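Naming follows writing order (A, B, C and D), and every chain is counted from residue 1.
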Amino acid sequence: MSSILNGKHIQVSVFGQSHSAAIGAVIDGLPAGFQLDEAEISAFMARRAPGKAKFATSRKEADTPVVLSGLLDGVTCGAPIGVMIQNTNTRSGDYSNLHTTPRPSHSDYAAAVRYGGFNDIAGGGHFSGRLTAPLCYAGAICLQILKQKGIEIRAHIYSIGDVLDTPFDPVHIQNDNIAEKAFPVLSDGQGEKMQAVIESARLDADSVGGVVECAVTGVKAGFGDPMFDGVENQLARNLFAIPALKGLEFGSGFAGAKKRGSENNDPFTVDADGNIVTKKNDHGGILGGITSGMPIVFRAAFKPTPSIGKVQQSVSTEKKTVEELQITGRHDPCIVPRAVPVVEAVTAITILDLLGGK
Amino acid sequence: MSSILNGKHIQVSVFGQSHSAAIGAVIDGLPAGFQLDEAEISAFMARRAPGKAKFATSRKEADTPVVLSGLLDGVTCGAPIGVMIQNTNTRSGDYSNLHTTPRPSHSDYAAAVRYGGFNDIAGGGHFSGRLTAPLCYAGAICLQILKQKGIEIRAHIYSIGDVLDTPFDPVHIQNDNIAEKAFPVLSDGQGEKMQAVIESARLDADSVGGVVECAVTGVKAGFGDPMFDGVENQLARNLFAIPALKGLEFGSGFAGAKKRGSENNDPFTVDADGNIVTKKNDHGGILGGITSGMPIVFRAAFKPTPSIGKVQQSVSTEKKTVEELQITGRHDPCIVPRAVPVVEAVTAITILDLLGGK
Amino acid sequence: MSSILNGKHIQVSVFGQSHSAAIGAVIDGLPAGFQLDEAEISAFMARRAPGKAKFATSRKEADTPVVLSGLLDGVTCGAPIGVMIQNTNTRSGDYSNLHTTPRPSHSDYAAAVRYGGFNDIAGGGHFSGRLTAPLCYAGAICLQILKQKGIEIRAHIYSIGDVLDTPFDPVHIQNDNIAEKAFPVLSDGQGEKMQAVIESARLDADSVGGVVECAVTGVKAGFGDPMFDGVENQLARNLFAIPALKGLEFGSGFAGAKKRGSENNDPFTVDADGNIVTKKNDHGGILGGITSGMPIVFRAAFKPTPSIGKVQQSVSTEKKTVEELQITGRHDPCIVPRAVPVVEAVTAITILDLLGGK
Amino acid sequence: MSSILNGKHIQVSVFGQSHSAAIGAVIDGLPAGFQLDEAEISAFMARRAPGKAKFATSRKEADTPVVLSGLLDGVTCGAPIGVMIQNTNTRSGDYSNLHTTPRPSHSDYAAAVRYGGFNDIAGGGHFSGRLTAPLCYAGAICLQILKQKGIEIRAHIYSIGDVLDTPFDPVHIQNDNIAEKAFPVLSDGQGEKMQAVIESARLDADSVGGVVECAVTGVKAGFGDPMFDGVENQLARNLFAIPALKGLEFGSGFAGAKKRGSENNDPFTVDADGNIVTKKNDHGGILGGITSGMPIVFRAAFKPTPSIGKVQQSVSTEKKTVEELQITGRHDPCIVPRAVPVVEAVTAITILDLLGGK
């Protein structure tokens, strides 16, 4: 079940390799009768697309989704949506030596063992970040359905290296049109500094990691379950599918673990409309696995992309000798900016599933 | 599917509330013919049991698991193991006012909405940390099965408040008999300081959080899958079932997100036995969702237990007014020490499932 | 996942062996706030209980379900219901020779291979029909929930050997209080003949099979899905869990396969209330995997119970020689009458899950 | 999860409608390193393809599968196989009146309610038998993998209307190259009579149903599980996805329900090679949900295709009036011959999954 986001109501089966004929997905379980806004989907996917900025790979793809089924005149018909994105700009020659000389901290070695060496190594194969494009297509649809229900999902770059953006106010999530920005941060000043950090890494043939913060507003209290089907469990299961994601924290998360209960606990109060709310939101909108009605807030840590131009130490898996490795090909010095819409997309699919898929 | 750890091969269905007649589990999918070491199971469960130390709740339970099915003379017969632990020491009178005055940052409010107010509030009901006892029983069995395969799982208190233990060396996990310690840390000196932090919180009728670090050694390279069934995904899905767990990071995790690729990448090398290994282990033993053969290392952040004796601000959900709340009853000032075996248990079940359940 | 009825919303994890300390189940996903009618549950379970009539095993069990969790004053609280039925009347000595001399057409041989000989052979172990008692408990609850929604599930003995009962009128299901009859048939005259067939088998130390017909009324059109999650798929997956069930047909089933389309097709019409209905119901209430609004009707074929007193040919699995086998112990000459409530129970769980678990 | 064959190890996500741009599937979980025999796949798919004979629809499609991902030089690489079949010959104009005048016993009415009228009605949309083509592609691969393990799956037309083929000998399954026959029966004489029955129905603008019998040889004893994950459960869940399948019986099935235990029980014996086998095979190779080592044998009943040319009675769902309906378009008078490879395909996927997906 490796490549299926297998929700109770919604399933997204992803296929493709970086350099296969196409990548794509089958999206099952969406409500029938929903009119897609295709321009909005394209705009959403453009946020993830490569080649738009100096901090991203120079590989350019039209990345136009071709819908094979599931829509009638742009309206969901209840049948699974089959969608493919053709790979038009493949350069598999770049990757020939990686079969026996795995890239440090990339999937190459583990995948070679897992698949007996038969895995497609070109461009990372099925492990490529490119596989998040069909997830963005699915997520873009879910975002539109959620929006009609008053639910919005916004993410921003929380940090790049040591540079921090203004965090979300977890009680009143800022709506600063982050999604429309070329570099999705709340503080454009901090964004400038982050871009300098990325550019510096690029000039060093290196890469740098960062953190994405995401917030979901508009979900009422009472969705989720204790234990294994809690909201954290479901989000975690799906979000860890995003390549390079290595950490996840909800609400005050790791910082909260340093606190006392009297600090971390969120006092209840009653707002002007008579709703029961909390005065602050260290619980990240989830209590006992169930939504509290407050914004769901989490942060996801992305490791620096392992594909760097610097000479690195690897091994020959055939000769069992230490080898120097220099990777050519096209790589992002920082994948965090492009990961922002991917986090939103996976969150959107998960939240729509949480709400019963409709 | 809220209370089922629903692995591909192993399923653990947990039942019970803090003050119901019994709690327990049905454990399905274990291999037949395995002779349990019951003394070892008891020793493992004793690590989680309450009442053994000043930092834990004063509630004492024999916590003796009664096996209802699945064993013949202590040997698994292939049928599901039904196990129950009777609740002998219930004091449900302590909790009467919580039905309309939810405890801040506890599950009370979210659960009341989710279950229309019909949920069992006594002692946290099904949301109680007590429900981790049957998980420990299941995990203890899995640990024994894994041990026969050369796989060991060890956890320690990584931090309490601001006090840090010596971290695991992620390449050569220390075997310092942590499991046998009353306070499971690598550095007993730091452990003393942690206990002082906990005692201080207790005296203030408060609580404090912390972090548990866990390592799995002996898992060969090549287990897991990319995307949604990766090792991180499976561990995350199951670990977030542990009450109060709000953050999870693998390998260098959030710290890695601050690094450059050239720092965070783990160079390959060949060890004395000719095995391909990495010189350090910032990847936490998982690459592309698949085990690399290095120790699997992760940290889990636990919020301070929300049940504190201090007066707090809550609301009357009936009158929609702000109310003061003072919780009586018995509570741990810090649940982190007792969470250590729970993390090991859930990890053991997940890893055994990853290996095919046998 | 062998012993979990793993619905989208409702899960029932069954445990126990015929002669273990107890059998039981964990029932997860039921709506909170439902007041159980315990007398009705007992009456339902009594229909399956052994020892009540001459055609059943002479083993008598109180079969009283002990609820361990999930109820507060008889009302569901949203937490899983843990229920056990103690095995008070065990005679495991009867079964000693079956370990190496498997009973023909019983699970003994296949189970011994599957579980490496470690399976519990006494009374059929986990394969015993006795394991349907906890399913009946779960089903009895679901039936009560469904009844409140106007949905009723009725089954009767369709045939024993060659003797046929009056079949259901699939358009207007008869309500003849079948459930209250000691021998659940529509035509008591045919029931007499069936009982004679069973008694004749009993006197010959033999057994006889039969067919159960079941109907679900009150389910509106539009539930289910095409392909793998159709109503037939879900019912089939769950019903084949009932021991001895070897065939299943919906609507006209195997007889319909002999017909022409013009005969088998069900013309639509409009009833007096303006509802779209079909004039007959060869489709069994399911079209394209989705309910049509007509009664769901199916028949399940039960093989004659393989445990017979007659001398049979078996083998010694150790010596690899042909051996005579004579089974002692207590066995039903016909399990079909007791299977009737089990079919209703499994159907009830499946239909409640189909409707979203509430 | 409607359109996902969701095995433990193998998943097949089917997409497409009869007249969408393409149909296809994502096939996940196949072992890496398997060299496909594409000619054999084509030959297999040709058995299902329309237009080859007078008893099939006159619609002709090249039905050439286009592989989008998952293969490198015809060898599985471990990544999901994305495959599509373009719909080149669409005539959606034929179906316009069916939106409000549903075809009797077709999915039209139930689907319109399920999907709020937004479902694609053209050619049956997602409910079309055409969706079995990608299942055949997936099944053809699984058949090749199974063949390497000595496992073969063969099906034949067991009956058309009242005409019966020679049944399989369930102990020694005949290998009469059925798959190579244009009309897959054991007895060509009976096949002639069946074709006459079909031709007669066609001349009457009618259709006729039938039964497919399938046998799996080479599966060793000990695969499967009791209760909900038994072999019957898994096959049933998947096989009922085939359009028009309304009944399923294993071994002696409904006929066995008429027998006594002494007749239906299969005595064990030891064959010339020292294997434990049964002298006959009324149990259909499955005991207690687990394989016995004998051939797995089952029969599937197909209703006559509901799309017939004869005038039928329907309703106007808008006006709530009874209406006459005459269907135009292209339809098979009997889908049973084309269902034979589909049954084999779904069985192959299920059996490969049962064996662990490899």
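The criterion applied here is as follows: a contact is a pair of C-beta atoms (placed from the backbone, for glycine too) under 8 Å apart; a residue touches a chain by one contact, two chains touch by 3 or more.
Treat the numbers as computed from the prediction; the structure is a model and nothing was measured.
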From the C-alpha centres, identify the chain that is farthest from chain B. D
Between C-D and A-D, more contacting C-beta pairs sit at C-D
Quick check: how many Å separate the C-alpha centres of chain C and chain D? 27
Quick one: chain A and chain D, Cα centre-to-centre, how many Å? 38
Where in chain B do residues touch at least two different other chains? 1-4, 6, 8, 14, 79, 111, 114, 126
Given the complex with chain C, which residues does chain B contribute to the contact? 1-4, 6, 11, 13-17, 20-26, 28-29, 32-33, 66-70, 72, 75-82, 84, 111, 114-120, 125-126
Parts of chain B lying in touch with chain A, wherever the complex brings them together: 1-6, 8, 14, 102, 104-111, 113-114, 126-127, 131, 159, 161-162, 201, 204, 206-211, 220-230, 232-234, 236-238, 240-241, 243, 245-254, 256-270, 274, 276, 278-279, 282-284, 286-293, 301-308, 310, 312-315, 317, 320-322
